[in-house]
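Should a chain be cited, it is by its letter among A, B, C, D and E, assigned in written order, with residues numbered from 1 in that chain.
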Amino acid sequence: MWEASALTITVFLPLLGAALITLIPKAREELAKPVALVVSLVAFALSLAVLAGYYLGPAGGEGLAYQLRVDWIPIIDASYHVAIDGISLPLFVLSFLLTFLCAVYTFHHLEAPGRPKAFLSLMLLLQTGMAGTFVAFDLVLFFVFWELVLVPMYFMIGIWGGPRREYAAVKFFLYTLFGSVFMLVAFIALYFAGPGTFDIVALQEAGAAGEFGLTFQRLAFLGIFLGLAVKVPMWPFHTWLPDAHTEAPTVGSVLLAGILLKMGTYGFVRIALPILPEAAVEYAPIIGALAVIAILYGALCCLAQTDLKRLIAFSSVGHMGFVMLGIATLTPVGVNAAIFGMIAHGIITGMLFFVVGSIKERYHTRAIADIGGGVLQTMPRMGAVLTFVAIASLGLPPLPGFWGEIVALYAAFNPAPALVDAGFLTFFRVLMVLGAIGTVLTAGYFLNMLQRVTLGTAPARWREAELRDISAIEWGAWSPLLVMTVALGVVPVLVFGITDPAVSAVLTALGVS
Amino acid sequence: MDVDQVTQIDFFALAPELAVLGASLLVLLIELFLHGPRKRFVNPIAVLGVLVAFGFVVALSVDGTERAAFGEMFVVDSYALAFKGFFLAVALFVLLTSYRYFSEIRTYQGEYYFLMLSAFLGMMLMTSARDLVMLFIALELVSIPGFVMAGLRKFDLRSNEGAMKFFLIGVLSASVLLFGLSIVYGFTGTTSLAGVAASLEGAEATPLLLAATLFVITGFGFKVSAVPFHFWAPDTYEGAPIPVAAFLSVASKAAGFAGLLQVTFVAFEPLADVWAPVLGVIAILTMTLGNLTALTQTQMVRLLSYSSVAHAGYLLVPFAVVQPGATALNADAFSAVLIYLFAYGAMNIGAFAVVTAVARRHPGRRITDYAGLGSRSPGLAVALTLFLVSLGGIPPLVGFIAKLAVFFVAVEAGTTLGIVLAAAVAINTVISLVYYLRIARVMWMEEATDPEPVRPGLALGFTVGGLTVVTVALFVLAPLLWGAADRAVLVAGG
Amino acid sequence: MSIPDLFMLGAFVLGGAAALLVVTARNVVHAALYLVIALVAVAASFLWMGAEFLAWAQVLVYVGAVVVLILFGLMLTRAPIGPMAQHNENRKFAVAVSGGLFVLLVTVIVATFGDATVDVTPVRVADLGEVLYVQWAFPFMVLGFLLTVSLIGALVLARREEGEGPLPDDTDEGSDQGLEDAAQEPGPSDVTSAPGAGDAGQQIGAP
Amino acid sequence: MQAVFPLTFAALLFSAGVYGVLSRRNAVLVLMSVELMLAAVTVNLVAFHGLVASEAGDPLLSGQVFALFVMGIGAAEVGVGLAIVLLLYRNRATVNVDDADLMKY
Amino acid sequence: MFSEWAWLIPALPALSVLIIVFSGRALPWKGAEVGIVALLASLGLSLGVAWEVFSHNAGVTQGIGPAGDADAAPAGAEAFLLERGLTLTPLGGDLAVELGMRVDGLAAMMFVLVTAVSLMVHIYSTGYMHGDARYTYFFALLSLFSFSMLLLVIASDLLVLLVGWELVGICSYLLIGFWWEDKHNQDASIKAFLTTKLGDVGLVVGIMALAGMFGTFSIQGVLDGVAAGDHSQALLTFALLALILGAVGKSAQFPLHTWLPDAMAGPTPVSALIHAATMVTAGVFIVARLFPAYQAAPVAQGTLAIIGAITLVMAGLLALVQTDLKRVLAYSTVSQLGYMMAALSFSYVAGVFHLFTHGFFKALLFLGAGSVIHAAHSNHMTEMGGLRRVMPVTFWTFLAGSLALIAIPPLAGFWSKDEILVAALEAGGYTGTVVLVLGALGGLITAFYMTRALYLVFAGEFRGHGHPHESEPAMTAPLIALAIPAVAIGWINLPFPALQPLSLSSWVMFDVDYWVANPVELNAVVAVIATVLALAGVLAARAIYREAPERDPLLHLGLLTHVLQRRYYLDDLYTDLIARTAVRDKLAPAAVWFSDRVLDGAVYWSGRGTYELGQGLYATGDQRGIDGAVNGLGLSALWSGARMRLAQSGNVQLYAGALFIGVFVLAVVFASGA
């Protein structure tokens, strides 16, 4: 019973919570916070139970577990098919963790105009969309969850965001939508070209069996690529991201960086590669090149930033570049690295946005020049946490960012045999060197940022302002992330161990690696 | 067809129409005996009539046998029943939307409901008609009350003008349609849809026949407000009472599509090679122009009217992929149109219902009137947001299922035109969300200029709430929608 | 060219000329009278083609009723009776469109039916009546209802009566003055309480 | 009888009607033009009926019956149209079609 | 037995970090004691491990007899090697990262060096950093650094080694910028980190290339793979060259050496520990770690020699003209690291031996310098002088360290540097000759600048402000403790074949065959020449600076004349002309110019240029180009929307016209379709 319904219960519990919150009378709006906290905590606990069950249950840590397949629209063979495996499990759990922590954080601060009821119900709705994307094993269902996140995030940015929130929100929405409608078209094309189903498992089998012609694969991959690349975002589809991140409220930024971006890269691993392996081989060099451009370009743009949040937003472009580089290699190592990179980026950048959000809340500005340095003086703990997280983000070992980057680079040195046969060995090795150079630039802008923000002597007005250092609630929201940052870095097997069997299974089925 | 056959009338088959007819006459009659504010009680009578008719439709569906009365003039099959059910549901919500709007006037309430019910009667007849003559008469029965209702804001010049434009373009296109039909008759010697199809099978597509097809398309193109036959729509919607605008944008348009479906998928199916690309061009033009023009609108009803033009474009996409003889593909295309229509009906009437509610407080119907609606009337704002997002085709709302169905057939066709159409729909979806989101933005992200809440009242509140539920529920229950549409397919050779 | 052809040609010439005059006459009443001629010519052509009943129906319905209705319309709208410019600035455009249409139609007609002939055997009125009341009974009934609907519709629009007022949002230029009392009115009690909006609205929107 | 004569007659009436609809300012004159178009349709129908009768035959007399219906519908339309024109005239004291451009863009 | 527990050596400082971070402030000595105890324990364990390794290796080598006598090692004789590990994580496929330890002679030696120096620095810092606001934080970082360095040393897996490598880098960053209120320190810390990080590109590429070639990150696996010889020679050379780039960055070799002098902005104990004894030797260490691989790639070896040779001379010349005491020492460090690098291209033992000795005496020198600076409140030698009298302990220990560095026999530096020159001589060839000549010349320069520093600091009258006094025992005790190895540590590898089985060469050997084939021998000629050169340098400097260190040497022509007259007029002339005029006034400034302008400028401008590129890219490319295109599309949609709505003219007759136009247009479409 639990085996079949676990994912459904876990995914839709937040939705139920959202509905519950809307029923709270307006006069007692503050009640929404504890409700959201409890709901997200229970959901998180359930996700942990799923995680535990994946290892202790019948799946024993391999293959698909918690499968539930119910016909939804039988005429087009679209089903409610949910399942989970090692590829999605870490992301699944992370989404619940981050949402829970965001719920905690809202006790500390919620941007104007407040309205916790609306905000938290949107957040929980978003959670359902995010978690659902990671467990959907039907293309239509996947798309539904994929799009489901757009609306709440649109409102989160648009209502609670910064000065240019409306522009940012619309841009986020439209840009993502633009990509995803083409993805939908490609999904439907898969239906007609393949075995006449939207079931991802069946389509993967069809893909491995070579049921799709090469020309078709190229076109379909292009469509899917557009949808996913915008979400990732890959260069040059990234321009929505700085605006969205910059203007979004803290919680929005955290979830956007922590989970939403991963949906794109996850889509590559789950859908694009296994179903269209031959096209993947053809596109891999392009993806790799774009990824490396993103790494270098993101870093260079970061150097030019004067806005703290925007800087971190641009850093995401670079980090996701490493993830995409890993995927582009089409090897188990690369894909593992990519998933690790996603988790690492989710935790670290999520944490960065938390800290930066808190700094902004206290300083009432995001401009680095206005902060004027010396956060370590005004708020020593905040400065220390920011330093730690920034250092984690720049890929210092043994923190998680390192594993994602370095293993991706390794994978780029030894790309899949199919790519080697296609004559791209040297190309990928050049990409690796360029990516390695990117790590220096990454270090450069982060240290530059730290210098300008945390170090030095604080301007008099901030010293006199008596800014409050990290509050208890903030510690509560952050310490799990900080602990995980260290834990995943020191014990990377926590993620690699989960992903490796699944990734190897998926990629060996392709026959490209 | 001998005399016995046509005089043996199956009243059960006719029951829904008779119920609506009865209600319409009853409304007209009873209103004479009601005075002042009491005149509004004719609305419940009309609603009751619609519900009774709906009951009959359900009964007929359960019964399941194909019935006919008056030969091909009146056929009851799953297609007809599906559409009748849809039209009656639309009628129900339009009537509920109308209640408070019209309850505030003293006169011609009975006439209004009579006209409205007559129009719906016309639609129901249309779906049962399998003959061009009957089809045309039913279509006129939809149009003529529409002309009148569009002008019901008798003291507002905009309404007068809107009605005039609607009427002139309507009559003009009716003439064009008739001219086309007459040529078709000349070629085939029959006005029966099946007969036309049979006689066109293998026939040479002479220029005159093509011109006739074109004229017929033009006639229906007016009804569905496809570009370039759409110009009346924004002006008329803007001038018309809002419930009537809702009626025009959903019911009247759906009737146009019902007619177009029968004519193209059944009668002209053998000529699909010729007219399908034309409809493809029209589809692309319609959605693009509708969406682009909607971008810069400042008036809510006008914006929705351009939006409904754009939706006509999406609805035309399945027509454009029809191929002669490709029964499976055509059936899918047919059902895609039905799915889209049903979905569109729910969400668009919902949007108009909210607009009706807001217009009571802000007759100007400007988009700026919606500022801060999210804090003033959260319920209405949530509902309108859902309707708009659904119109944009975002899951988990029924609009997504509709878009999915359209994409589905466009891709299924696998032709270049299909791919181009899919891409056009994709791009247009994005464009359309610009203005849908603009309204959402105004509602939720701008300060209210008027702090007073907007209260919809019971009937309107029920409409909005009910349609919200429908918009969400039909997504989850998409198989019902899809299955119903699939069963209602009416394709030559199918 | 047979005799019916000649008759037909006569109706053609007469009706065509009259039709052209209808759409070009500078005097509205003259236009109406030309319309009578054109419609009579149409009736005549029916006659030559063996549709006797239709011919008489045409004369009765159109010449007898419709044209009279139109003349009434002209009078009621106080159209200037004297000659004056009755054309808008689209005239050249209109000539091009209609001329093009005519050329197009004639071309395809001649191409398609250049050598076809029309059976002019008169249709007996009894036969027509039979099919009309048996096979076409249903559309006929619906047409009857349609005429009723149009009658009532025309009446609603054309009449003015006591107590008639504008609809809630009848305003010029859509000014933002909502109905205050409507807004204050509590929603759920609508069903029973008498809305007093009509009166207020009348003062605002009455022409 | 040669089919081209009635058919061309109908085409002429129709085109004239189109011209009138497009170019006449007075709404009543536009209505008259519409009547011409409808008349054209009836001529067409009757002619085609003859055409069909001369070939396969038409036991249902569809063409003539259709023409009859078109006449009825034409009458109904004129009624409603005139009502609309009157309404417009009452509120604005003009029946010129091209003056009606309160709503645009 | 100790070796099995060697993992505790890094683990104890790691534990100490946690304790200090979480409860350091509450402790009586504010956390310092935790670090000291941990390091003490680690040192003890290190010595145990060292003894175990030594006894094993000595057992093997004693069986063979004096190095060089036998032709080959007997079968079964293996150098000590203990590898223990657990799989840290699979990476996919059959690739995994092992968290393992690789205990052998090299590791054991590094354990001793790192823990000993670190312990001394810990103790010293309790005095030096006394009263600092971030005292506890400082000790946490020191412990963290010790852990990181030891992790680097113990790693059996290249990725884990990389972890340690990066960690020491970040510790260095944090410690250089320890007083972060000052922008100068911030800049120095960032420069240090980024410059080494740039080198890390090479390291990462190299490691990836090695791992990619051999399918494992394990050091042993790589070495086995190289030994098996089934690989692309070009790729191996490429990988090793890339690794050299990493080493160049970390060990401040030409041309990436510029960060190290700036790094002196950090607290002096940090300079002693990180920027003299341990972290900067990581580059040397990794080359030593992969020495067998380098042996298989002569090109890489040659590159090492050239880089080392250039560095040692260039840095020595630079040291000549510094007035900042720490900078003198910093350049000296760079120079000595150059020796080590160069040495490793010929002889494993020579390079490692010099690493070991240098670690002790350079730490001593830095700590001594710290003591001096603490007393004089200035880094500048112009504000010192005459401290010999007031700071006797500091003076004597500093002198010992200086002489060790100058390589005066029988102090530590002499033996190790001599070994390098001998190795270069024996290797011969182009690179050998270059290293030999430049190395000898470098000895001269080293002697000169160290003597100058000694005179400027300790001789003459005090030129600064205040009243300097001897440092507290917490600082002097480590000086004394370090002075002992500075004097004596060289004796553990005396170049006499008979002693070799019991010496360092046996202790640190990685392979018995190599030990047999490359005996450490005394070359009397080289030793004498080197010593003479060193003494020449000392004397030259003494000649210039003895009498009046406070005066600008340029004005000391009279003194020069006096020296000439007394002994070797030519010699003095030579000294004057070459050492003072040519070298100091021309070459050294030129080198400074090159270093500051060209190299540093290149670094600066490449950084600056990168920044500008980022600015430009962002402003034009991203915001105007890509984003502009996106916004432009939106705008054009709006624009066309605004155009299109004009079609809605309001005139119904135009609408009707459009209807017919539409019919015509569609007819054309129709016709084309049909």
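The rule is simple: a residue touches a chain if its C-beta (ideal position, glycine included) is under 8 Å from a C-beta of that chain, and two chains touch if they have at least 3 such contacts.
Note that the structure is predicted; figures quoted are calculated from it, not measured.
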Write out the two chains that share the greatest number of C-beta pairs in contact.
C-D
Which chain's mean C-alpha position is nearest the mean C-alpha position of the whole protein set?
A
Roughly how far is subunit A from subunit C, going centre to centre by Cα mean, in whole Å?
64
Just give me the whole-number Å value for how far the CA centre of subunit A lies from that of subunit E.
38
Please report how many Å separate the Cα centroid of subunit C from that of subunit E, as a whole number.
98
Can you tell me which residues of subunit D touch two or more of the remaining chains?
14, 17-18, 21-23, 27, 30, 47, 49, 51, 60, 65, 69, 73, 76-77, 80, 83-85, 87, 91, 97-98, 100-104
For subunit A, jot down the residues that touch at least 2 other chains.
174
Expected list for subunit C, residues touching two or more other chains, is 88, 90, 93-94, 97, 101, 104-105, 109, 113, 135-136, 139, 143, 146, 149-150, 153-157, 207
Could you list each pair of chains that touch, in label order?
A-B, A-E, B-C, B-D, B-E, C-D, C-E, D-E
In the complex formed with subunit A, which residues of subunit B make contact?
389, 394-396, 400-401, 403-404, 407-408, 410-412, 414, 422-423, 425-427, 429-430, 433-434, 437-438, 440-441, 444-445, 478-479, 482-483, 486
Enumerate the contact residues on subunit A facing subunit E in the complex.
171, 174-175, 236, 238-240, 297, 299-305, 331-337, 374, 376-377, 391, 396-398, 402-403, 406-407, 409-410, 413-414, 432-433, 436-437, 439-441, 443-445, 447-448, 451, 454-457, 491-493, 496-497, 500, 503-504
Subunit D residues within the subunit B interface of the complex
10, 14, 17, 21, 27, 30, 34, 37-38, 40-41, 44-45, 47-49, 51-52, 55-58, 60, 62-63, 65-66, 69-70, 73, 76-77, 80-81, 83-85, 87-88, 91-92, 97, 100-104
Of all residues in subunit E, which touch subunit D in the complex?
645-646, 648-653, 656-657, 660
Using the touch rule from the top, collect the residues of subunit C that touch subunit E in their complex.
88, 90, 93-94, 97, 100-101, 104
